[in-house]
Every structure is written in structure tokens, then in C-alpha cells.
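Before anything else, here is the set of structures, which you'll find just below.
Both of the next two complexes hold chain A, though its partner changes from chain B to chain C.
Up next is the complex of A and B:
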């Protein structure tokens, strides 16, 4: 709004007025040079009504803050101190906690190093194309992840031994070291950042969960893709030897890794021994990372012209979306075991719950993605068809990137509700983060002491820290991709 | 035109599948309602029992029996436990004193100790247990599905559970009952004093049904204030929104300990809630093993054998004690033999139980005494309680 009064019949287009206003806004300095006193007077006490509102709200805020501070100081926090490990990792065996620390370290080195390398790659790429690239500083990282860091600091402050402090400090140091090292790697090494991250994730899982069953297979798959990308880089020729190497080597290495890991049989603790915040985050990551590809497939399938595929996708999506998650979880817990033949071992309760969570998030993601697909103009597809692209390529290179970009806010909204929805697995007897609030309050030491407010506050802060970080990251991604500006 | 028809066919199919889904949802919520939580009052809701009982009549009468037989013929639970070298128990992870995850992340409690008793008896090692935390609605499904070998989760023994739920209840380990707690200065001393009061009670459990039945029969007018669980109920009681708090006596006693206000528990107990281990129907061998392992703890207390003094009984002259502990006895012909009762348990199973877990009194002291639960009906029969077991010979 401009201050210049508009007079009718001046002969100026209304449009020009807006344009002028926008131009004025663009030219206005971001930080005006008013003094704090003037700012307060201009913004808080510029009329009688505003002065009254300011005073009333100010008193209310001060009162609430004082009460909150009083409560924090006077409250007995022992229930969190005693149950700190329960809240963080549930029933994970206490003399095996080193597995969690080390798997976290490996993960940090892998992801941190990979991210550093990828950032450097992006900068090189931008420079090559003559584009502007804004290098992110450590302060940026702090600005991005402060809710999680603050939560970690808060939880660490409840520790009664020095070990968690050391562990957290080492982890922070590793973040810095890994990202710096990743950035400093020579270009050929940086080109393999994704493979490095994948291998680190597998190693971290092996440290934690051993090589039983699924882990060895996943490790084999990761090895397959890593070697495949390596050989396709090295042996580009179309001669018989190169082709053979390209096609055979990944399979041989992948199968070898699978068999070796399976044979070595490193022991560990599978997810039936996990709990607390660790399990909550893991279930969320699994729900997102497996639900998203599945959701994209379902969205594409729903737009398919083949009636069977379309029908299946519509049925699946509408069925899953039409039923509350809790009833699906109860179904997985009560009905599903009865449907298994006796000779087949029924999977763990948690495994069944994970499958349900994945399918549930896939159905929601599918509808979000479909919304994005509809936003992509038909002309894009037609233009791509005209230039002779295959249907798969059109989806992968033209339609999907635009569709996914358009739905980032909705997608992240779904991820955030998934994070909170994982608390429902408590209803089938899996003790995750939220459930430990009830469990710790039922312990003989705290029974009837009404410490729910303490535990629920901590749990709420925990969920908030991760949800808010996700939301911040999504806005950052939107800004980077220019969503809403075109 | 054709295309429109095919689309509506798809819609019909989708409608049918969604209807199926709704039915499935309804069934699972029936299971959810079924059984309530014995810790918070136990007992089945009558409605859901009727559903389970009616279902077979509507379909073929044979079908459910067949299913059960298939599940049961897996039998040989004792052998499978021995080969797995672990006892799988279904337990509670959030009931103080009975089954809870403690600060170290371990299960502890009265029920959990009885799971250890079974492991000590069958496998000789009390630590070879695997506790699966179950919510109330899951427990019989887990038992029927064979996921757990034995259910020890503050579960009330009732006829419909023995029957319709295909469960097999064994020796009661804890006799509970619904009681009433009031503020010490409330002036309420008997049920009759409760006229025109507000009673805080858990919703959806037999506690409410019992309350309505008993006070209704006696013509005592009252208002019920319903809550989901005792943790939510407690602040209302403290804030004097209700004068009376009714729940299982064990629950009342354990909550009373943490309250800032002085309370008293009325002597009137209006329901029977016998809690004990449960196994699936159809495997008598396993049921007997579990039963005698549990009863050994009670017999040990009766003999006065504790984990502390058990070694002093090695030279005992009492043939009953010698037989019980698996020590050599005289067979009457001057030969030293070790009695074998043929239960499929090692001869020294009682000795293992007492050494590794303790006798009934010790288990009670360890888990329930901190909640200030007095022995009451759970005292030995020799002390005027209900704990009475058959002879070990």
C-alpha cells in the first residue's frame, strides 16, 4: 500500500499504480536507518489503540514467559534424566550402545563428506555454465539446523555421565571434518560422492544391525549399482571386452558382496530391538524413502490409459486413503498374522507396521504427485513427443521434475505428518519416542507423581525440532528451485 | 457409452473393496474393544463376546474349529521352546509392578519374573526370555497365532476367555479385585456412604460395568466421571472433581503411594480379578510345564526355601523338600534315587527357579511391595490367603 492518496479521474491506469508501488518496495532499503526508539514509536505506539494492544500483549507475554521460566526452574526433571536412554534409543541393549554411536559416526562421515563433495560439484558446474552460485557457510548450516542441534543439546544436558557429551562433540567435529574433507577431495573422487554415501549408509547399518537377511541383500544391491556406475565410466567402448566388463562386473561384485556378508554373518541388533526417538526417525526415513518412489509410480499409474494398471492404482490409493492409519496398523497386527500359512514365519510386528506405514505414505504421496502432474501443461509433453523422446524419457526428464518441483510444500507437509503419525505404532505395542512418555510415568518411581507435563513437553520439543527443520529445509529448497517465482 | 459403463464397473468394484475394508476395520476395532485391560479393570465387554460367539453360527460351524485344530496341532510347544532355547512371553510394558520397561531399558515386574520362572524351569536359565510387549487387544491374537509361548500380562481369568478366546488359564499368581479409594478426610467408609457422590472410573472396561451393577443393585445413586486411563484420572481425583476413585485394588494402592493427599482404600472389593499365566488351548504338556513351574514358587515359599537359604536345604531330612528340590531320596529299598515326576521338566527345575528368580514371596516383595501392596488374598493358605498348590510328588 502506498501513502500517496489516489484520486479518481487522474487518468492513470490502476496497473501502473501497482507497478510503481512494487518498484518503490524494491528500491526501499532492507534495513532502514531508524533508531530503535523511533521504530518502537512508529510500529508499536503509533495510535492509542495500538498502544493499548501493545501494552496488554506485552504484559501477557511477560507473564507467560515468567511462569514458564518458573516452571522450568522449579520442576523436577529426574524422570527425563533417568529415562534419557529410553527416550533416545528405547530398549537397545545398554552394553551395545557403542553400535549406535559408531553407526551414527559412519553415517555422519558418509553423508557429511558426500554433501561437501556434492556442494563443490554444484559450484564447479555453476561456474562452468557461467551461473551464480552462493556458497553456504557454516553459519548457514547453523541457521538451517538449529532446531535439531538445540534439541540434541537439550537432551544431552539431561545426561548423568560424560559419555554422551563426548559422543555429541565427536559427532559435531565429524560433521565439520567430513564436510571439509568432502569439499577438498579432487574432482574424480567427488564424482563418486553418491556411491560413497550409499556405501557409508550400508556400513552404518551393518554396524548397527549386523548382516542378517535384508541387510546383506541391500549391501549387494548397493555394490551392484556402485560398480555399475564405475564400470560404465571406465569402459565406455563398444568392443566385446568392454561390454562384457560393463555388464558382468557389477553382477559378480554385487553377488559376491551379498554372499560374503551373508557368510561372515556379522551380528547386530535388528529393528525389533530398537525404540525411542531412534525408531521414530528410522520409521519416518523408511516411510519417506520407500513411500516416495512407490507414490510416484502410483501417481503415474493412475494417469495410465491401461485400465488394469489405472484401476489397481485408483483402488489402492482410494482404499488406503479412505482408512485411518491406525486401523491399517491394527489390521497388520491382528489380521495379517492369521493370513500367513503356518509354514511361513510371520514377520515381526514392527516389520508389518513399517510395510503399512510405507504403503500409507505412498498413497498420500501419489495424490500429491498427481496434483503436480496435472499442473504441468500438456504442451510440454507434446513438445517433447514432437522432438522424438520416448514416453519414459518424457516422464523422467520433462514432466516429473516440473511436477515434483510444484508440489514440494505439500510433499513436505506429508513427510511432517508421517513423522508424527509414526507415534501410532505405539498402539500395537511398539515402544517409540511418544510411548516412552507413558512408560516412564508408569514406572514405580514416578507413578502418580504427575510428571506427564515434563515428559510430554520433551516429546513435543523433539517432534517440533525435526518437523520444523523439515519445513525450513523445504522452504530453502523451494527458494533454490524458484518455486512460486515463475 | 461403452466406456462409461466400464468406468462404472470399476467404481462398483472399488466400492465393494472399500466396503470390505470397512468390515475389516470394524472387525479389528471389535478386537480392540474385546478384553479391555485387566490392569485397568480387566474383563470382556459383553457385546464383543457375543459377536465372536455368533460369528461361527452364521457361517459354517466347522470352520473355526478346524482353524483352531491346525494351530493347536503345531503342538509340542515344550520341544519347540527347548530347541529355540528361549521362552517367548507376551507382557505389559507400562504397568508399574507387573510389567514395565525400567530406566535401563529392561522389562521388570511381577509378571516378567514369572516369565523368568518358566525359563529357569524349562531351560535352566532365567535370562533366556524374550518379552513381546502387547497391548490389551493384541494378547489373545498373539497367543493364538503362536507368536508367544505364554501370556503373562495382568490378564483376568474369565469363562469367555477360557472358552471363546481359546485360551488356557493356569495357576493364578495375583488375586486382584475392584476397590474404591477416597480421601482420608472424606468421611466415606462404606459403599453406602457413597450415595450422591461422583465416582471417577475408567471407560470401556468391566470396572464401569461392575460399578453400575453393584451400586445400582444396592440402590446407591452416584455420578460416574469416565477417563481413558488411570494416569488421566489421577489429576481429576486430586483436583476433587470426584470423591471416589474406583479401579483394581492393586492399581489404587500403587497410585496412592505417589499422591500428595492422604487417601484410604475402602474394605469393599466388588469384583474378582484373578491374574495369571495363559497358554493357548490344546497343548496340555506345555500347559502343565508352565503351571508347575509357577506353582513351584508358591510351594517354595510354603517350605520356607528362598534364593538366599536354598543351599542349607541340601542336607534336609524332609523327603518332601528333597523330592521338590530334585535331591536324591531313599526309595524305600535303601537306594538313592532322584524323583522324576514325568512333566518333561528337569528334575532340579524347582531348585533352578528358586536360585535364579526366588520363591513367590520374594517375587512379590521385589515387585509389588514397593507399590505398598499388602499380601491380602495373595498370602499363603497357611497364613489365611488363597495361595494353595497341589503337592509336588
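Up next is the complex of A and C:
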């Protein structure tokens, strides 16, 4: 709606000046070359006014902290213990919980290994270019991801059986093992880290949800891209055979994977059976990753010179951004069912909500990408035109890579807001993380016991742990990219 | 019938446009022998792409519309706005509306309540956010850490959680209705249903007095401008706050005496569980307001902090070199520049605040979303109601961003 100065990064929302200033400030190292006494004098009692503020606030903070500690100790936390599974995975069939553990393990191995390999690749790359590369130690990772780890530890401490402890410990061991193994892989293997991650994600989804419908299609797409990158690496020549292989093999393999998986039809539990934090995280990831291609298309469309296409994109983006998400979710539960033909069964509530969330995040991502596109210097396009590239190629090979790289931090920011916004699907009756606060308080055992504050604080810690970690990561990326561009 | 004619007209218009475009291009091509073939001619490609886009969008819309009509007819849903005149069956707290009033009236009350949240909440959020943003930059370690913890906490949890959390805390912190707190000898009433405080009630000449207040405001503004101009021209101290406030108080004071007590101060009273007199508000409103302000302030604090940090260091150093005091440096050098940077993202936050006000229904405050949710519950026609809901928020968003853009434009011009 507003004509904010469109730039890269979180700048779409905050303005480049602000974002870079914040990022630089938050990344600034702390000086610790003073004695404690001098530090106290400099930072707490450096003027009369500050001394008064320190004393008043100090008393208030000590009072509040003691009250909070008293509350934590005296409060009855049984409601969390009883509902631990509900908060984490909702009503996922209790006999099938192994699926969740194994899919989590596969995911951890895939992502951990991939990240390790990518870090090693980045170091090699930096060395080749003669740049400095700061390898992040395990301590760095701990410092970056402590909120999530602390949340997992907190939730595990509520468990009443030994199984979750073992599961979490195995998961932690797998993180360490996978990252180390990924790092140690030989270069040709490491070059395929992204494909490895994508396959791991598909396998993990198959373990959970089986191979019917959507999963098979996604698997086919992943196979297509994996084979495409493999063939383009192997058959670089411009002779007819290479070209044919490059063009055809990915499609054949992709379609084959799709059909085979669809025909095999392994059973699983689709997202109607999911719930809790698991569903919240999944809905966020799906919302961003399906919104991304659509958002990029909308952003390009909005910059189009054709009035019809531009007008449509502007209308769509500004409409979605101008109304609250809750009204779009009401649309999904009241109007969307009416848009399906009479012959077709209306999809589940969650599926409809996800359609709307995808459109919603697409509109916001479009604005982010547009910011990135505008940050790419005009000279880049002109140079590409001068060398005779087609408009589509210019977009795909020259403009987009630069634009998307610049907006990674803002995408992380969008991920955070979507993570928080998914709490709204509770209002149309989907039992995600936040909704279990109300559900558990309505159970006969806890009805009328006024345990809302207990459940709300656990839910708040959960959202906070993920969102805070991501926002720190976003700032870190911003600082890296910002420094690089200056 | 009408639909069909409309469709036909649009198809004909598109075909006509195509026809005209084709002949004009053909004429141009004949004059120019070097013209490229039509499938490489960008002028033709541009038109073809747009026609294809229109066709695609049109057929998709047509398909969805046909489905929509089939489904609505199957369930007997009428697509008109006649239901707006039926009794709403909603009783809204602190509103003279009874359940027999028309839906139209209930919706208007909802819009009014949304407006009440926005108009009170945004200024509060800006004030709290600015204080927090400045506090984070304080040299006092404790103060800046507390502000940091506050901002990083509220920025990273869902606003819905903040609102319902505030509501729960209010429910638990305030006593039930029959044990209300009555501080200041009953001038205020606090319980977990509502709070009430003293207010003014118009007397005989209240209308005339209101007019005088408006005039006094205008006079005060004029005095403000006059003092500012004198300051700009001569550099003498302007004291414009003092002058403006003085003239306002003088005029209203004289009017109060001349009009022989145009208003009286009333305190609230509870008679048979009905609140009489005074200013009163239900607690859900307070919960929504506090929740939204706490949440939005954390975002505004980041904008304020970032915009202050974005002012180049040289500016501060130049201020020091001119021997400005710390306050003067802030007031005349840093803040004016920071404000210009901060304004566009601030408008964004105002828009977010407006949209987030739709979450008030979660604590049972009857703003527009709450009223419409209630009507959904009574099986009122959903498409029309949702249309009204979206149009309402779009209007709020458009008006807010139009005002914001206007101010922003002014700010930018002043800067150059």
C-alpha cells in the first residue's frame, strides 16, 4: 500500500538504512577490556539520572524475578505433562508415533549432512578466491541455536516416560554425526548436497504421510530437479545427444518417480491427522515454499510493462496485503468450498487453509522479491541485453540470482511472521500448537482450574524459541550481505 | 440475463480491440517494408500476451463463478443484501443497540469499535515504542537490557497469544464484579468485566461550548504558527507551547464562566448491575488495546532504534562541535533526520495494527470481525458478509496509507 523506498532485505519493511544500521549494531563485538568496577561505574552509574534509573529498575527487576521464580516453583505443571504429546504432535495416531521419530531422524541426517557439506563447500570457495572464511565451531552453533535447544530440553523435561529422552538424545547425536560426516565427504559428493537434502526431505515426508497424491507429485518434482542438475553437469556439450539427454532425462525420471510412487501407494497419515507444534512448523514451511514460486511470478508480473498483467498482479498483491489474514481464513472456511464444482468433494479445512496461506505468503513474498529486483542495478540488465540474451534468460540467469540472494534475510523475516500468523488457523478449528492451549484447558481434568497462564507461557516459549533464533539468523545474514554490498 | 449480456459485451469489446489493433499494425507494417514477421514483432507479442492473460483470467473467473452459483443455488443462498435490514440478534456491550436492531446497525457499531481500537491504540503504541527504542540505546546497561528483553520477547510471539494472554491476566488480576475495587471514593470502578471513571456530562449550553472549544483550538493553532514564524524570522525564543496553551485555556475558561457551567463531572455508579454515568469501557476492549499496543510497540521500538542508528555519526559529532547539549543534539539534529527514515516503515506498522485489530474477536470484543463472526454463527449469508468485512479493512488500509503517503511526501520535500 505505502510507497516505502523499495530495497533489498528486511528493508522492504524497515528501509535499508534502518536494517543495515541494526544489523551492524547487533553484530558489533563486545569490548571487555575494563575491570568490573569501572564497567559498573561506566554502564550503571555514569550520571545522577542513570544512578536513579538503575536503582529503581534494579529493585523492580529483582522483585519481578523473585515473583516469577516463586510462580514457576509453586505452579502445578501437570497440564503440560498430560498434554505433552498433544502440544508437540496433536492427535497423531498414538501407535504410529515411530513415524514421527524416524521422519525427524531422516530430516536431521539430510539437513545436518547437507549443511555440513555446504559449509565445507563455502570454505573451499572462499579459499579459491583468496577470501577469509570464518569456520563456525560447535560453540558458535550452540550460541546461535540455543533457544530451540533450550525449548526442546524444556519440553523433554515434562515427559513422563524415558522414550522422549532417548529420542532427543539420538536426535542430538545424529545432528553432530551428520554434520561431521557431511563436512568430511569428498568434494564430488559435497557438490550434490542440495539434492541430498531435497531427497531426505521427501523420504521424511513419505515415512510420515505415505506416497499418495501430493507427496508423489513433490517427489516427482524433486527427482526432476535432481536429475536436471546431474545431467547438466555430465552432458555439457551442445551436440544433439547431450542436449536431448539434458532436456529429456529429468522429465522421464521425474514422471516415472511420480507414477511409481503413486502406484506403490505406501500408507501414511496425511496432514488432517497432524497437529500441535509439528503442524505449525510444517504449515509455515509449506506456506513459504509454495508461496515462493508464486510470489516470484507475481513480483515479475508487477514489474511487467504490460498493463493487463501488471494490473492483475498489483490488484492481487494489494488486496491480499490490505485485508487481515483472519478474513482470508474465513474466506477459506466459508467461501472457498463454494468455488469447487458440485462434482468434486470439498477438501479438508486444513487443505483449504493452506491454499489461502500460500496465496497470502505469495503476496508478501512478491513485495520482498520486488524489493530485491529493484536493488539489482539497471546496468546488469543492460549488459545482458547488449550480449544478446533473451528477456527470459536475463530474468533467470542475471537478475533473479542477484535479487534472490539479496532478499534472503527478508525471506527469513517473512518465515517468522508466517510462523506467528499460523496461530490464526486455530480460529477456524485446526488444532495447531496454539489451539492446544484452549483444548487442554477444556479437558475435564483441567476445566475450571484456570491453567491458561501455564499453557500460554509454554506456547509463548515455543513460538519465541523458533522466531527468536530465526530473527537472529536473519540479522546475521543481513550483516554479511550488507557488508558485502557496501 | 444481465450477466449474459455483460459477458457478451466484454467478449465483443475484446474482439473489437483486437481487430482495431490488428488493422493498425498491418497498416504500419505495409508502410515499413523492413517490419519483422508478426511472431517476432514485439508490438504484436505485447498485445497477444495481454489478450491471452485476459482470456486466462476471464475463463478462470468464469469457471469459479459458475461453480459458485451452482453451489449457492444448491443450498438456496440468495446473493443480495436484503438481510441487512433483518434484526441482528446481537447485543453489543456498552452500545444502545438491542438485539432487534437491524444487522446494518450492528455492522456500523462494529466498524465504530474497530475505529475506537485504532484511534486510541496507534498513538499509544507509538509513544511506548519510541520510549522503548530510545531506552535500548541508553547508556544505562540495565535500562537498555530490559528494553531489549521486552522487544525481543514481544516481537517473536504471535499477536493473538499476546491478546488472549493479556485478557487472561486481566481476568485473574481484577476482582469479580460484586467485589469491585472502588479507588478514590468510588470515582473509579475496576472489576474483571469493565472499568469506569469520571467523565463529563453536557449541561444547558454544551453545544455552544463545544463550538467554542473548536474555535479555541483553531486560535491556538494560529498562535502556534504565528510564534513559529516570528522565531523563523527573528530568532527570538518562540515559546509557542506556552502561547498556544495559554490562549486555549483563556478562551475556554472565559466561555465556561460565561455559559454558566456548560458541563458537569459525573462519576460512575452501579445500580442493579447497570453502570450509570461516567466513562466506561468493557475489559475485552482494554485487553485488545493493551495486547495490541504491547505487541506493536515492540516492532516500533526496532524502527525507532534503527532509524536513530542510521543517522550518520558525523551529524552527532558536528552537533558536538557546535557545543549543543545532549538534548539539543537529539531534538534538532538526530531526531528530525531519524524521523524521516522511520516514517515509511511506521505507516506499515499502523497498517499492521489495523489488520491485527481484527483479532479482538478472540476475547469477545464486538468490532467488525467479531460482529461478522457472530452473524456467521447465525447462518447469515457468508459471501456478502465477508465482502463487507474485506471492503471495510481495505478502506481502513487505503485511508491510512493515503494519509501516510501524504505526510511522507511532505517530509521528503522538506528534506531536500
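What we mean here is this: the second predicted complex is superposed on the first by the 397 of 486 C-alpha atoms of A that agree within 3 Å, B and C clash if a C-alpha of one lies under 4 Å from a C-alpha of the other, contacts with A are read in each partner's own complex, and residues count from 1 in each chain.
Please note the rule applied: a contact is a pair of C-beta atoms (placed from the backbone, for glycine too) under 8 Å apart; a residue touches a chain by one contact, two chains touch by 3 or more.
Predicted, not measured: the structure shown is a model, and the values here were computed from it.
Visitor: For A:450 in the superposed arrangement: first (chain B), second (chain C), both or neither?
Guide: The answer is both, since A:450 touches chain B and chain C.
Visitor: Under the stated touch criterion, which partner chain does A:351 make contact with: chain B (first), chain C (second), both, or neither?
Guide: Touch partners of A:351: none, neither chain B nor chain C.
Visitor: Mind working out whether A:61 is in touch with chain B, chain C, both or neither, as first, second, both or neither?
Guide: Once the two structures are laid over each other on A, A:61 reaches chain C alone.
Visitor: With the two structures laid over each other on chain A, which partner does A:229 touch: chain B (first), chain C (second), both, or neither?
Guide: After superposition on chain A, A:229 lies in contact with neither partner.
Visitor: In the superposed arrangement, does A:290 touch chain B (first), chain C (second), both or neither?
Guide: In the superposition, A:290 contacts neither chain B nor chain C.
Visitor: Taking the superposition on A as described, I'd like to know which of chain B and chain C A:327 touches: first, second, both or neither.
Guide: A:327 contacts both chain B and chain C.
Visitor: Residues of chain A touched: more by chain B or chain C?
Guide: C
Visitor: Quick check on the superposed pair: does A:442 touch chain B, chain C, both, or neither? Answer first, second, both or neither.
Guide: First partner only.
Visitor: One more residue to check, A:429. First (chain B), second (chain C), both or neither?
Guide: After superposing on A, A:429 lies in contact with chain B but is clear of chain C.
Visitor: Is A:420 touching anything from chain B or chain C once the two structures are fitted on A? First, second, both or neither.
Guide: The answer is second: A:420 touches chain C but not chain B.
Visitor: Do any residues of chain A touch both chain B and chain C, and if so, which are they?
Guide: Touching chain B in the first complex and chain C in the second, residues 307, 319, 322-324, 327, 330-331, 334-335, 337-338, 342, 427, 450, 452 of chain A appear in both lists.
Visitor: Quick one: which bits of chain C touch chain A in the complex? Just the residue numbers, please.
Guide: Residue positions touching the partner: 46, 49-50, 53-54, 57, 64, 67-68, 70-72, 74, 138-143, 146, 152-153, 155-161, 164-165, 168-169, 172, 302-303, 305-307, 309-310, 341-342, 344-345, 347-348, 351, 355-356, 358-359, 361-362, 369, 372-373, 376, 382-383, 386, 389-390, 393-394, 397-398, 400-401, 404-405, 408.
Visitor: What does chain B use to touch chain A in their complex?
Guide: Those residues of chain B that touch chain A are 6, 10, 13-14, 17-18, 21-22, 24-25, 27-29, 31-32, 70-71, 74, 93-97, 100-106, 132-135, 137-138, 141, 145, 147, 231, 234-235, 238, 254-259, 370-371.
Visitor: In the complex formed with chain B, which residues of chain A make contact?
Guide: Contact set of chain A toward chain B: 82-83, 85-86, 89-94, 275, 307, 311, 314-315, 318-319, 322-324, 327, 330-331, 333-335, 337-338, 342, 346, 349, 427-431, 435-436, 438-439, 441-444, 446-450, 452.
Visitor: Would you tell me which residues of chain A are touching chain C in their complex?
Guide: 1-5, 13-15, 17-22, 24-25, 43-44, 46, 50, 53-54, 57-58, 61, 305-309, 312, 319, 321-327, 330-331, 334-335, 337-342, 416, 420-421, 423-424, 426-427, 434, 450, 452-453, 456, 459-460, 463-464, 467-468, 471
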